[in-house]
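As structure tokens, here come the structures.
Common to both upcoming complexes is subunit A, partnered first by subunit B, then by subunit C.
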Partner chain A sequence: MIPAEAHGTIALRASACTSCMICVRECPTWCIELDSHTEQVSDPGARRPKTVNVLDAFRIDFGLCMYCGICVDLCPFDALAWSPEHDHAATTAAGLVQGITELQTAWPPTGPPTDN
Partner chain B sequence: MTLHSLPALERRYRVTGHPELRVAILDVGLACCALEVGAAITAGMLVPEVSSDTGGDGCVVSVLLISGTVTDALAPGVIRAWGALEDPKLAVSFGACANTGGPYWDAPTVTKGIDQLIPISVYIPGCPPRPEALVAGLVRLARPAVLTHSDQSGESR
Partner chain C sequence: MTSQGRIDVAPADWEQVVSGLQREGFVLFDFITAVDRGARLEVVARVINPATRVPVMVWTTLPADAAELSSLSGIYLGATWCEREAAEMFGVRFIGLGDSRPLLLRASLGEPPMRKSSALVARAIRDWPGAAQSTDDGRQGANPSRRRQLPPGVPEGFLRDNPLDSDVSGDVR
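And then the complex of A and B:
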């Protein structure tokens, strides 16, 4: 019997994503799209501000996705996880593309914790 | 491969948990996705109708289920199968290959989405999609907006 959580959909925790692009580069079908910019963050007492990536957009085209899970396995920050949800049919091909909001909604309750 | 006799292979199903839905599925199983349709039947999610089963008021919608990789060699057969189905009919694209070409997005001999050839009402993502996803997609077919879309596209075909 296939476990209920297997091969459902892939969910994103945007707060854990560092825009490192590993998932984007390793995806066999190139179905992940990521936009980010850098910001300067000054910590009190630090010698200089540090530069951090800020995630602007993260899209998975589930029309192309092979559900191989390479992105989930390779993410160094557990920002991607398998979700048991499977009702993601769409009435247009473009409707299969999911952004940050939809991907976060699918975050599984049994997955890695959502707080950092 | 001849596809002339395919409409005879159309089978009527009831969808477990959705008594309002009666579908006659012509499964164009072109690759591994086709196994998931069998899995849905084996798991009892799709129940084949017996010939004596005439209950239910809802009309039976003919569903062309394209599950698998549509190569250029098989594309004309898919178009013929769609033309042979009687109205009211809807086409469902099942799995990444039928949706966009999937893992074969770069192959010269694979159709990049069956919607280039026939009007698709519901796209089910997955590689392959789970049987539960098939049922969820069929339930989505029952939505009136989808049926309206089918009427419009039916006129032009």
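And then the complex of A and C:
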């Protein structure tokens, strides 16, 4: 039995990610890579178009990850979370690198039980 | 004196204070290690009174560039290993330590690796994923004057002062 709050893998919600790079910079093993670009978005009624980040790629190399969870703790937008999914087996080291598609399949995470 | 389980002593009183604790019943030596505070290096020893199970930590502060302290190996023989480790990891010179051979590291390693001034070479020769600039800085357009960020553990100018062979990075990748 794998408990629902198990730290099996790290799940990504790409729609919540603002490409702020905090997880990439704080990761002790440098296992996260992130590519992004900016786009101008014009809101109706706004005086100027605003610049928004668009996430192009997000990769976690689970061959390097030590499951410390610092990225999960530090993400200001809750775009990363623990998930009880745990299927990381691969036949090559490169197969342990997961992109947005794989990381999103673990979302929504079940998460730890609340006290109340 | 030991209400918080902590005693702060001057380096000159280090050996005398610990020796006094041993006479009071703190006969079990636990460990000695150090903490790098930049310009200062703090050294801490933990001893325990087995009868009361009360532990005491004795702290002292040394200048980082002249870290010398009396050895406790004459009081607790087991302190020898911890002092050898603190010597090679933090660069503390223990005066009176009989066996000063490196315990875990090569003698030729150079700078003590647990000092914060010691560069993490594996980080210097790999491209840091975090070096890519976030565009989320609240400003319009690119800002090329923004200073490039260095990864934690690589001092500024390290690569300039220590040019690495190009084939070294090939091995590590």
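Keep this in mind: the second predicted complex is superposed on the first by the 104 of 116 C-alpha atoms of A that agree within 3 Å, B and C clash if a C-alpha of one lies under 4 Å from a C-alpha of the other, contacts with A are read in each partner's own complex, and residues count from 1 in each chain.
By definition in this document, a residue touches a chain if its C-beta (ideal position, glycine included) is under 8 Å from a C-beta of that chain, and two chains touch if they have at least 3 such contacts.
Bear in mind the structure is a predicted one, so any value in this text is a computation, not a measurement.
Novice: Which of the two partners, first being subunit B and second being subunit C, lies in contact with A:E102: first, second, both, or neither?
Specialist: A:E102: touches no partner chain.
Novice: Scan A:R25 for contacts with subunit B and subunit C and give back first, second, both or neither.
Specialist: In the superposed model, A:R25 contacts subunit C only, not subunit B.
Novice: According to the stated criteria, A:T51 is in contact with first (subunit B), second (subunit C), both, or neither; which is it?
Specialist: A:T51 contacts subunit C only, not subunit B.
Novice: After the superposition on A, what does A:D35 contact: first (subunit B), second (subunit C), both or neither?
Specialist: second
Novice: Who does A:A90 touch here: subunit B (first), subunit C (second), both, or neither?
Specialist: The answer is first: A:A90 touches subunit B but not subunit C.
Novice: For A:G63, decide between first (touching subunit B), second (touching subunit C), both and neither.
Specialist: The first partner, subunit B, only.
Novice: Given the superposition on chain A, which partner contacts more residues in subunit A: subunit B or subunit C?
Specialist: The partner with more contacted residues on subunit A is B.
Novice: Given the complex with subunit A, which residues does subunit C contribute to the contact?
Specialist: 123, 126, 128-130, 132-136, 140-141, 149, 151
Novice: Which bits of subunit B are touching subunit A when the two form their complex?
Specialist: 96, 99-103, 105, 113, 115, 120-127, 129-130, 132-133, 136-137, 140, 145-146, 149
Novice: Can you list the residues on subunit A that touch subunit C in the complex?
Specialist: Per the stated touch rule, the residues are 18-21, 24-25, 27, 30, 32-38, 48, 51, 53.
Novice: Mind pulling up the subunit A residues that touch subunit B in the complex?
Specialist: Residues 2, 7-9, 28-29, 61-68, 86-93, 95-96.
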